[in-house]
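Paired with subunit B in one complex and with subunit C in the other, subunit A is shared by the two complexes that follow.
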Partner chain A sequence: MIAALLLAAATPNLAYTQLRDPAQEADARALMESIRCLVCQGQSIADSDADIAGEMRALVRGRIAAGQTPRQVRDWLVARYGAYVTYDPPLGWATAPLWLAPVALLALGAWVARGSFRRRGR
Partner chain B sequence: MRRWLLWLPLCAFGVIVAVVAWGLYRPADRTVYSRLVGQPLPDFTLAPMVQGKPGVSSADFRQGTPRLLNVFASWCVPCIAEAPHLMTLKAAGVPIDAVAINDKPDAVTRFLRRNGDPYARIGDDRHSRLQLALGSSGVPETFVIDARGRIVKQHVGDIRAEDVPILLQTLAAAK
Partner chain C sequence: MTAEFGLAALWLAAALAVLQCALATLGLARGRAEAFGAVRAAAVVQGALVAAAMAALIACFLASDMSVALVATNSHSMKPWLYKLAGAWGNHEGSMLLWVTILGLAGGAVARFERRLAERTLMATLGAQAAIALGFYAFLLFASNPFARLDPAPADGAGLNPLLQDPGLAFHPPTLYAGYVGLSVAFSFAVGALVTRDVGPVFARAMRPWVLIAWTFLTLGITAGSYWAYYELGWGGWWFWDPVENASLMPWLAATALLHSVSVLATRDGLRAWTVMLAVVAFSMSMLGTFLVRSGILTSVHAFAVDPARGSFILALLVLYIGAALVLFALRIGTVRQGTPFDPLSREGSLVANNLLLTVILGIVLIGTFYPIVAAAFGTQLSVGPPFFDSTAGPVALLLVAVMAAGPLMRWRREDGEALLQRMTWPIAATLAAGAGVFVLAGPIRPLPLAGIALAAGLAVASLAPLARRNLRRAPLFLYGMVVAHLGIAVSLAGMAASTAFTRETLAAVGAGEPVRVAGYSVTLDGVRPVIGDNWTALEARLSVLDDDGARFVLRPQVRYFTDPVTSTNESAIATLAGGQLYTVLGAMGEDGRWQLRLWWKPFVTLIWLGGALIALGGILSLVGHVLRERRQRRPVASEVPA
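Here is the complex of A and B:
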């Protein structure tokens, strides 16, 4: 009984316990805010109190405490759940319009502006 | 200024309305499927969950027969609904192993006594470690593993009567 309690104290529940190293905790926290909870899909795992979100927080903290980079942990999750699991999706065919549309619209605006300035100049 | 350009904003608005209407009337399927379908089962070893039944490890799935890996929990209501269909699969000779998520031995024993026990092995996945490694996002889920230990299908949600023949077909094709 006492041994079990000691063991529980030695390995805190990382779903609800911050890491000792503040820099690691900050990394873990930032990553958790960008990972989607799988059952409550509008929330990040940092915001959600669903069981699986807790387990995912524990996984993120455990892996970062073990020396993995946030990028490695994120890639591990994306390899299993797809890009939908992250709120910061990688550039791909589906997300390319999001990145390219502003550039295209700026170019269009410049073209329209050039046209109207030229007319005024005449 | 060309006349037809005047209609461009209205057309753009029309396109936006069409996209929104499409999204409202046919909402996208938000089920999160595992990306590991088609890939080998990740390596794992899970301790036994209940007395008298062995735990599960990835090596059990490389013995030359296709098997089902059922992700369940005694606290999960749809798991009760799928229990009779798992019994049907067992009666058809399908070997079924299970992972109990966030569970306790006596709760699982009670669950099996009440709903039937279709499992050859039950592993204890106390912190959803294997569940996350499998790309599974809830209970119940069922993975079809082929004779060489590759995941060939993931069934999300409870198995219903109409899913049984599909699963049997997939298992027969996975030899």
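Here is the complex of A and C:
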């Protein structure tokens, strides 16, 4: 018990401490900004004071520090908490309309706008 | 007594709205011109009555009359007076009353001051305005009476959410609502013009000031809301793609598009049907915004005054108004002739591109905001957030910036490609130079911020180009309006891109006297002490900051504890310096007695809101410029000189 407490004091609290390696911290930071805080109202775990957000930040940093890629960490979080946890919905059948919408809108808009132009002639 | 007076005024205002709507309909249907004066008078009196109701509610809050249920649940006698005042609209009922108050005042102003439109069109406009107001009066009187009494009255109130106890609350909602309501006036004008089949430059010039007012207020509201979230939430973010933020962004996007298409209609008599359609879309977006904020259908940092049952009432209003407008549009648009045609490469062409791209961004934001709800209906829980919006709306917005740089340098009707390229020499050079400069000085950064900085430089140069080789004292005021607004977009974009790319973060647990570094600053915690405020207590850290040039200053971030209701908030301490802001937050104390500090160096971040202020200033200049010009011309003229 005492040993566990000492260990806890010796390892920094990764919820509020950056990783030593700037490249790993940048990866962790980018990932945290796209992970939803599950108890908050529309905030990422990177911008929340909630306890669970802190725990999830520690988790993300810990796994990145242990050498996992951001993608692996995200997949693990999605497997554990469901797709609700990521703000970056992975492309799939359920999200295809979402990701295709911008292109479809641009095409539709261009087609509509075409009608208002006069054919160019000199 | 004050509450009963307010309720009576509200009922009378509603009765006048019925009268106004009925008289306008009768006057139009029977062709009775004498109804016109009565409709005008009804609109003015209705505005005065609803303003009196709002004043009564404010008086109840200022007097802390706890026998009024709304005051008891949202206020507290110990609150500073500014928050008592702001508390009047920091809740569901009060904010809806504020909405309809601004609506009534705007309707009164239209009735009192509009002299250009044909009488029949104006009568239809005022009738539509009364119909909109009527829905909100019904909502207030039957579903959310702000003046309901409590018996017995409690000894004191429950207090206001501490996050809302901020000067921002006094200004943020009224500003946004003024914007929403301004769009409702534009919508009423569009309905009026459709009813009388009178869509043309006169209609566009009558509508334009209202679009400008709405757009300016929305710009101010969004800018202020962004800064408020930035310093109040304590994590240094200035835009979250949060549903309620999107709810204010969508009307702004629609209003921006409308602003540009209405100037094509006023100047060149083009884009008739499209302008009317945009007015309908813009008002739909402001209704949708109200619905999103009030219904709590989407979880959000803003969800502080929500009620699903009332949300469905607003949704019903939304469907009713928008449905009716679309039916009218479908019935009448065939009789609105399309305006003058033009070349793709022309000022009009660039404005069509502007409208197209703004509408696409609007569509992306709309779909992204509602997609989770639709997915949930099909049994899939998912979230759509910053990564989606940044990667889809971001590139389209940058494309729009490029169009914005070139558009004002083009001629109406037809432009020559080579001549345009020649005029664009300096902006293109600035874009390339800024992009290369950032790349060389700062090394590789993500493509979106890099493109943002480069295009911001190009747009800044291009936005000033319309003033080049002009006599600056004779250039019309509305031209200055456009120049300042476009420059503001460049400034804001530069701030967004640079702060995104170059923010430095330091998170640390420190004991007293241990310095930590962030960017070029050394921050030392001198100590933490308790402080007492009006209605809170706090722990306040004293941070000594030493910059690399030897200058010293002190910052005092706090954690505040509130008792009514029990909550705590982080009060960040921010130093605005020449190159950006140093943002400091005090966190919790660990078991080892060390304090959590969150420090950020955010270079150029202030440009975001400075740009927003410039955009709004551009709106004001343009508004004043157009109004002055109309006054000089006295009577409507057939065609306006191209600006």
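Here is the rule we use: the second predicted complex is superposed on the first by the 97 of 122 C-alpha atoms of A that agree within 3 Å, B and C clash if a C-alpha of one lies under 4 Å from a C-alpha of the other, contacts with A are read in each partner's own complex, and residues count from 1 in each chain.
The rule is short, and it goes like this: contacts are C-beta pairs under 8 Å (C-beta built on N, C-alpha and C of every residue); 3 or more make two chains touch, one makes a residue touch a chain.
Predicted model only: the values in this text are computed from it and were never measured.
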item: Touched partner set for A:Leu106, first subunit B, second subunit C, both or neither; value: second
item: Partner chain(s) touched by A:Ala58 [first = subunit B, second = subunit C, both, neither]; value: first
item: Which of subunit B and subunit C A:Tyr87 touches, first, second, both or neither; value: second
item: Partner chain(s) touched by A:Asp49 [first = subunit B, second = subunit C, both, neither]; value: second
item: First (subunit B), second (subunit C), both or neither touched by A:Ala79; value: first
item: Touched partner set for A:Leu38, first subunit B, second subunit C, both or neither; value: first
item: Dominant contact partner of subunit A by residue count, subunit C or subunit B; value: C
item: Overlap of the subunit B and subunit C footprints on subunit A, listed as residue numbers; value: 41, 82, 84-85
item: Residues of subunit C that touch subunit A when the two form their complex; value: 233-237, 240, 242-243, 270-271, 274, 298-301, 303, 338, 341-345, 349, 352-353, 355-357, 359-360, 363-364, 367-368, 371, 375, 378, 380-388, 392-393, 396, 505-509, 570, 587, 590-592, 596, 598
item: Subunit B to subunit A touching residues, read off their complex; value: 30, 32-36, 102, 127-129, 131-135, 137-138
item: Residue ranges of subunit A touching subunit B (in the complex, touch as defined); value: 38-39, 41, 51-52, 55-56, 58-59, 77-82, 84-85
item: Touch list for subunit A against partner subunit C, complex; value: 9, 12-13, 16-18, 29, 33-34, 36, 40-44, 46-49, 82-89, 94-95, 97-99, 101-102, 105-106, 109-110, 112-113, 116-118, 120
